[in-house]
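In what follows, a structure is listed as structure tokens, so that the remarks can point back to it.
Order as written gives the chain letters A, B, C and D; numbering starts at 1 within each chain.
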Amino acid sequence: MPPAHPFDDDKLREECGIFGVVGVTDAANFVALGLHALQHRGQEAGGIVTYAQDTGFNSARRFGYVRDNFTSQSLMQTLPGSIGIGHVRYSTAGSKGQTAIRDVQPFFGEFSMGGAAIAHNGNITNADALRRELIERGSIFQSSSDSECIIHLMARSMGRSIPDRMEEALRKVEGAFSVVAMTRTKLIGVRDPLGVRPLVLGQIGDGWALASETCALDIIGADFVREIEPGEMVVITEKGVESHHPFRRAKPRFCIFEHVYFSRPDSILGGRSVYETRRQIGVELAREAPVAADLVCPVPDSGTPAAIGYAHESGIPYGMGIIRNQYMGRTFIEPTEQIRNMGVRLKLNVNRALIQGKRVILVDDSVVRGTTSRKIKEMILDAGAAEVHFRIASPPTAWPCFYGVDTPQREKLLAATMSEDEMREHLGVDSLKFISLDGLYRAVGEASGRNAVQPQYCDACFSGEYPVEPADQIEKGFRMKAAE
Amino acid sequence: MPPAHPFDDDKLREECGIFGVVGVTDAANFVALGLHALQHRGQEAGGIVTYAQDTGFNSARRFGYVRDNFTSQSLMQTLPGSIGIGHVRYSTAGSKGQTAIRDVQPFFGEFSMGGAAIAHNGNITNADALRRELIERGSIFQSSSDSECIIHLMARSMGRSIPDRMEEALRKVEGAFSVVAMTRTKLIGVRDPLGVRPLVLGQIGDGWALASETCALDIIGADFVREIEPGEMVVITEKGVESHHPFRRAKPRFCIFEHVYFSRPDSILGGRSVYETRRQIGVELAREAPVAADLVCPVPDSGTPAAIGYAHESGIPYGMGIIRNQYMGRTFIEPTEQIRNMGVRLKLNVNRALIQGKRVILVDDSVVRGTTSRKIKEMILDAGAAEVHFRIASPPTAWPCFYGVDTPQREKLLAATMSEDEMREHLGVDSLKFISLDGLYRAVGEASGRNAVQPQYCDACFSGEYPVEPADQIEKGFRMKAAE
Amino acid sequence: MPPAHPFDDDKLREECGIFGVVGVTDAANFVALGLHALQHRGQEAGGIVTYAQDTGFNSARRFGYVRDNFTSQSLMQTLPGSIGIGHVRYSTAGSKGQTAIRDVQPFFGEFSMGGAAIAHNGNITNADALRRELIERGSIFQSSSDSECIIHLMARSMGRSIPDRMEEALRKVEGAFSVVAMTRTKLIGVRDPLGVRPLVLGQIGDGWALASETCALDIIGADFVREIEPGEMVVITEKGVESHHPFRRAKPRFCIFEHVYFSRPDSILGGRSVYETRRQIGVELAREAPVAADLVCPVPDSGTPAAIGYAHESGIPYGMGIIRNQYMGRTFIEPTEQIRNMGVRLKLNVNRALIQGKRVILVDDSVVRGTTSRKIKEMILDAGAAEVHFRIASPPTAWPCFYGVDTPQREKLLAATMSEDEMREHLGVDSLKFISLDGLYRAVGEASGRNAVQPQYCDACFSGEYPVEPADQIEKGFRMKAAE
Amino acid sequence: MPPAHPFDDDKLREECGIFGVVGVTDAANFVALGLHALQHRGQEAGGIVTYAQDTGFNSARRFGYVRDNFTSQSLMQTLPGSIGIGHVRYSTAGSKGQTAIRDVQPFFGEFSMGGAAIAHNGNITNADALRRELIERGSIFQSSSDSECIIHLMARSMGRSIPDRMEEALRKVEGAFSVVAMTRTKLIGVRDPLGVRPLVLGQIGDGWALASETCALDIIGADFVREIEPGEMVVITEKGVESHHPFRRAKPRFCIFEHVYFSRPDSILGGRSVYETRRQIGVELAREAPVAADLVCPVPDSGTPAAIGYAHESGIPYGMGIIRNQYMGRTFIEPTEQIRNMGVRLKLNVNRALIQGKRVILVDDSVVRGTTSRKIKEMILDAGAAEVHFRIASPPTAWPCFYGVDTPQREKLLAATMSEDEMREHLGVDSLKFISLDGLYRAVGEASGRNAVQPQYCDACFSGEYPVEPADQIEKGFRMKAAE
């Protein structure tokens, strides 16, 4: 399966994108388009469920890209109906390479009052405990996914309607969840009380859509209506949108990394353009960490907006010093010995003529393991750069995320084991600077920076302050910051 | 098959990329990598031929991307040997959708002194006449490709060695050709006397490589040695490189559009960085066609370097007003009625927050049919732009290319039937400016512009001045400029 | 998917074959071989589950033939372990063409004491009622298969071990079932109290195997030990075989049609060679329904042993008047108008030279809808036969089977709506005779024929006497014989 | 690719089947059906060429079965037209496993008067010499097939029409050839002067068909008109059939092994039913080589008719002692150590109950290497047979065939190195008898046996008397009988 980003293996990765639509002809086509626009949130597999009176619930789940699977006329004809939901996913760290098709969402359950399908973005932090209890009581799990708990909790519920059962189920669930679900006639959207993962509402003609990001509304020509609120559940029929608030109210803690990297630059999060936020990060970074240089060069493609901002603020010319091959895909067979760093060269090539003899500022979005940063530095030096300065558009990533993001174990995170100076030395660059946490908060619009007492966002991957206790992880031996 | 560029159907397209290597272990892997780096020159199909003593000549030809075919261990094992050549191709205008696998190069011929395989980039302008004559004399053609003439002319030659036969064959051929060929032990490279298409020589360890562009040398870690000269034939064995000049000398006429669009920005053409040339085109364009505006925005991805140049020269901020979906591929099934311009939206989305209320300069590389330009203009206006100004990094494309580029028929070229002003009106933009032919020549380093008497490049697509008479086309009814 | 028998669409079809093995290296290979030998019992799909300590439970389920799926090295490597079970299936009448991969067995459940997989041959006659009740109580069904009830009943059981839970579950189940199941260390086999479907035990080295038929023991070189008894459960570990009898004892009623058609001629059922039984049916038929003729000709391949018996007993020469094409497969595109009866001709051709001018006795195993019999009669007459006499190796099939066989609805069965004489006229043959029910019983070794009071076999498809009330069918409107 | 016969690797194999049709709607469908009926003559690959005015010549060539490739609607739609030819092939001994798709016929050539496609059954014995000469003169071969010579000889011909060119070409060719060819409007059929390979003419409505065997006429519902005569060329248009005799007349020498094994039992060869001939071989064999026994058992499927004849003549009961698995296919992964002779068991199982304690006569069509005969003998003895007597329906196969049949090298043929008695000992059976050459001639209708001076058939594989000198083979070192 082709990776999305040139250095996928050295990035944090969002694990899911979700989409739903009701009140349109051939809903499956809209779902496919929406998922295509959300493909950056999960590229391993995708699934679509629809309902039509004649055929009942229909589903198709496939490994690979939406564009390669859900564009086949013969497949799409098996998904009739005017209501549908869909899901794209990465494998989670734990089960890499072992994902079975049965782990691909949406999940479906037949209840006595009818069927329901759900698609979940996020991670349930007490899933292990819930699963054990459900099995003890006779539930049979079909997947290894934490998300399947929700459907079993719904099956066990005494609630008379599916939305009632979903409320009851989600009240037992801890962690981060944005959920899109459907019955035969209702499209349902829910966000957890902290609103860690995004979910937006759009309108298209007489129909409605739910999506992880606004870019998925744009692609189908839907108007962006509003974000689903943290802790809100909406139940949408062809008649309109009903809003519920089934959970205890809490201060929102939206994932700040959605701004830094996960979301698409053309999406709008919390009323802010992601592109503009990233450009602003570059501006802040130029202020916090200036350096005398000849060229500001993005690490493509995710570093581009911050690099534009850095260049603009610093007055140093912006240029494409690294060119990305747009035909990436499967791994090539590496010719023996003679070639090194092939993995990177297949994806990137240095624009040698531009780099040569220059002092280069490389702007990247984050440093995770640091493996890619080293390779890029070498390519740039091989091409004859005079100096290499790394500027990173996020603070040091020192803690794993347990809320629906694929992160390496803590000890693999460069920033968990090294100081900024050690990292600079490890990477072998002339300077290395990360934006400060306060700078990042300013870039997302918090003029006075981070509220240390009650942070406005979830920034656990930088701060180690987890807004929801990762119960399953602690049971498995993870040690929280306080415990260090 | 996924298109390469977002608006592939409204671009001129290079028809081929060629690559060869000798003196390396497992040559096929190098050829695959080289072709991968040249994929932008041809995405419909690819082929590789190698030779090993045990197995003789081996070949594999496949539709689709190099990365999807030539990365399979089982396939690559069928291509042993230390010498090999390869080819990537687009279908030509004439046979679109009908290309058979037998049209996929390299072509192979068994002669009395042994076998040879050839891969051709360019177009033979007297191929129809040659083919008729060869058939009359008993040759059996296997493909509909003009390139196959070369191998039949070689078979008919009385030459004692394969290089001799190739010289004899190519002397009968008119038009544009860069050729890479191989025998059991020799790698051969040739460029036509005008040097219309590129061909470069690289060194890797004790081995040698030939490639359409330097970026294909970079990917295998080869050092760029020099360009093959117009009219030169090199015969390379493990011992070294022999140079011949079998053709009558002529003034070179390298294709100027390779600088504008075909070649990759990280390649070096005629000693100049393609990226830098394109940036310089933007600079020239800003000088020739300034306009008051708030944002310089590239049409991704090919307009980017010129946009950077325009922004730098004009002082107007550069920004990514259009975001490209990196997961393009097969066509989606379009939901009935409700959605328009889907083709474009699948590939691009407007960065609405950046565009809104702004006077936007859109920098694109060329206007062919104009269909895409109109759609982009609409997207930009829908997003609330105050003004839209198109700046085009090439002169008006008013004439078809007959030298190995896929162009629409003349009457489909917008610039063939409209004045610049009519085009502006047709596209519905506030202003539309093309770089002048002189400006383009300045950007490629000809300080005093185009030499009208003896142009330094082939610019027939702009000027209608064809350096080689397109004999087959004239026979089919094409009317040259003089004839109008 | 290629059909197994030339007239598949006009045959009763066994719905499943099951196989299990424990105590062998690479159990999956044995399971694949066993299923290959049982392919005639189900050709739509197959599945294998194994368990290995390192990898846990592994499974693969595929549409198509065992030989096409479970021979791939890469697939088989995903199925390690020394214990495994497998299943081949037809789709049931109801869901034809809609079978999802999730309907393909073995089914798997994770219980608090560990996982178990089961494969079921037969049909649960109270599955609808059980399913409704289980859903009401919170079970989530993944398939549309009646067999899935068993695993949910096990999940709900309070039993402390998996065999205990299976006993409890199967006591709630009505109908016909032969089951092969596995835990991490135990291979389990069960037959329903009437023993409607077959199940045999074999020994291979220190390991053990369970299979629907003895031919599956032969293929892996296992020795046939004995049949599992009606109502018996065996629990097999590497230490040996434990036998239980968890159900109330009942008089066995083995399916007599297994002798007539379902089982392979080289299998041994109830101590009798299937081939010999079929040959004996031909002998009985020759005694019951002699006719003056020149040739005894089998309808290939299933009519062959009875034809041999008929010829031997009658003294009329045996000959292959109908030749079967051994390369059957997908349906060909039928050339317009000009060709009729193509469906049959693709599979069979008349041996015209043998047939011409002869009085021919055609021996077939059964008449279901009669559509094929008509076509064959026409082919034989077209080839110039003087007379056509049908002799059928089973009594008229007048009732559907609800015990794991795919039968058309009653009104589609020729014998349900016509007398023997009407059938003869409908088929347009010179004579038509079915073996009597008593004759059939004699052929299977019951010297004095059928015991009308307490039949020795299940012969419901001939007699309409159902040994287990088909509760779900009655609820859906099926009328039993008594009710007519 | 699934083998056709259970012991394919130990059989002589016909290398090709050919078919053509003109004057029908959608000719490709008829060709596909005809090739399907001829699949036993070649199972590795198949190809079809058609011609339609709109699309010109169309072709498709595929590895695998006709039923798996030429039944796809999308493929068949690419083959429009009312005239078409096709070919099925085995790989030849030399290139086993290396066949490229370019070796798959029909071959096509574009001549100055238009295109032609040809399909060839047989083998050209002077192909190497012809090929060398053609290459010397500038022809480029695309395949490694001897048949390609014909199309190049046609291209070189000065003949004004395609039939004229074909005559001229075939006069230069030595060996065995039945050819079906087509132009835009003409269907052409030719047999070599000796008529070694079969070719028949049929009529279907107003159209005409040519086929290797009559069974291919039957499947499309065509009437058998007559055989093409040895040395005859027919040129068929929609108007009718023209007959030519371009070669010097010779005494026919039809391949006698077509009667023994290659042709389908339901075909008619030389006015005789193949089935009846084979049955008659059994009768002759019973007379020549009687033995006291309890059971006559065919080695399925090809030994069946002879076994029926043997049983009838000897009065010993006929029975199916060996049951063939009808789902053969790819090779299974053999479980380590525990299982032997798996290759055979996957395909056959002994009907133990029938065999046990009996003196068994096994009737097989031929003994080539003898490897399979040994395995079958072992299976039969393992099953408890008291005695095993082999009766072979052809004389000892002691010489390779060079006329279009895949035979092992001479030293691999059991009968080339052993006497009958040594073979009996080698196989370890109680007796082994082959039919005599005279007996075989009597069975094909030559009442007084073989004419030793001028044999009525080609029987080189038995007698070593080659009616056409195998020139290429002699050059490669083959020693004729005379030379021994």
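By definition in this document, a contact is a pair of C-beta atoms (placed from the backbone, for glycine too) under 8 Å apart; a residue touches a chain by one contact, two chains touch by 3 or more.
Since the structure is predicted, the reported quantities are computational estimates derived from the model, not experimental observations.
Common neighbours of chain A and chain C, by the contact definition above: there are none.
With every chain reduced to the mean of its CA atoms, the largest distance from chain B is reached by C.
Between chain C and chain D, the centres computed from C-alpha atoms are 37 Å apart.
The geometric centre of chain A is 62 Å away from that of chain D, both derived from CA atoms. We define each chain's centre as the mean of its Cα atoms; on that basis chain B and chain D are separated by 50 Å. Within chain D, no positions touching two or more other chains are listed. Chain pairs that touch, as defined above: A-B, A-C, B-D, C-D. Across the complex, chain A meets chain C through its residues 101-102, 109-112, 132, 135-142, 151-152, 155-156.
Across the complex, chain C is touched by residues 2, 4, 24-26, 29-30, 32-33, 36-37, 39-40, 43, 65-68, 70-71, 73, 76, 204-205, 215, 218-221, 264-266, 268, 272-273, 275-276, 279, 301, 304-305, 308, 312, 317-320, 323, 325-336, 338-340, 342, 345-346, 349-354 of chain D.
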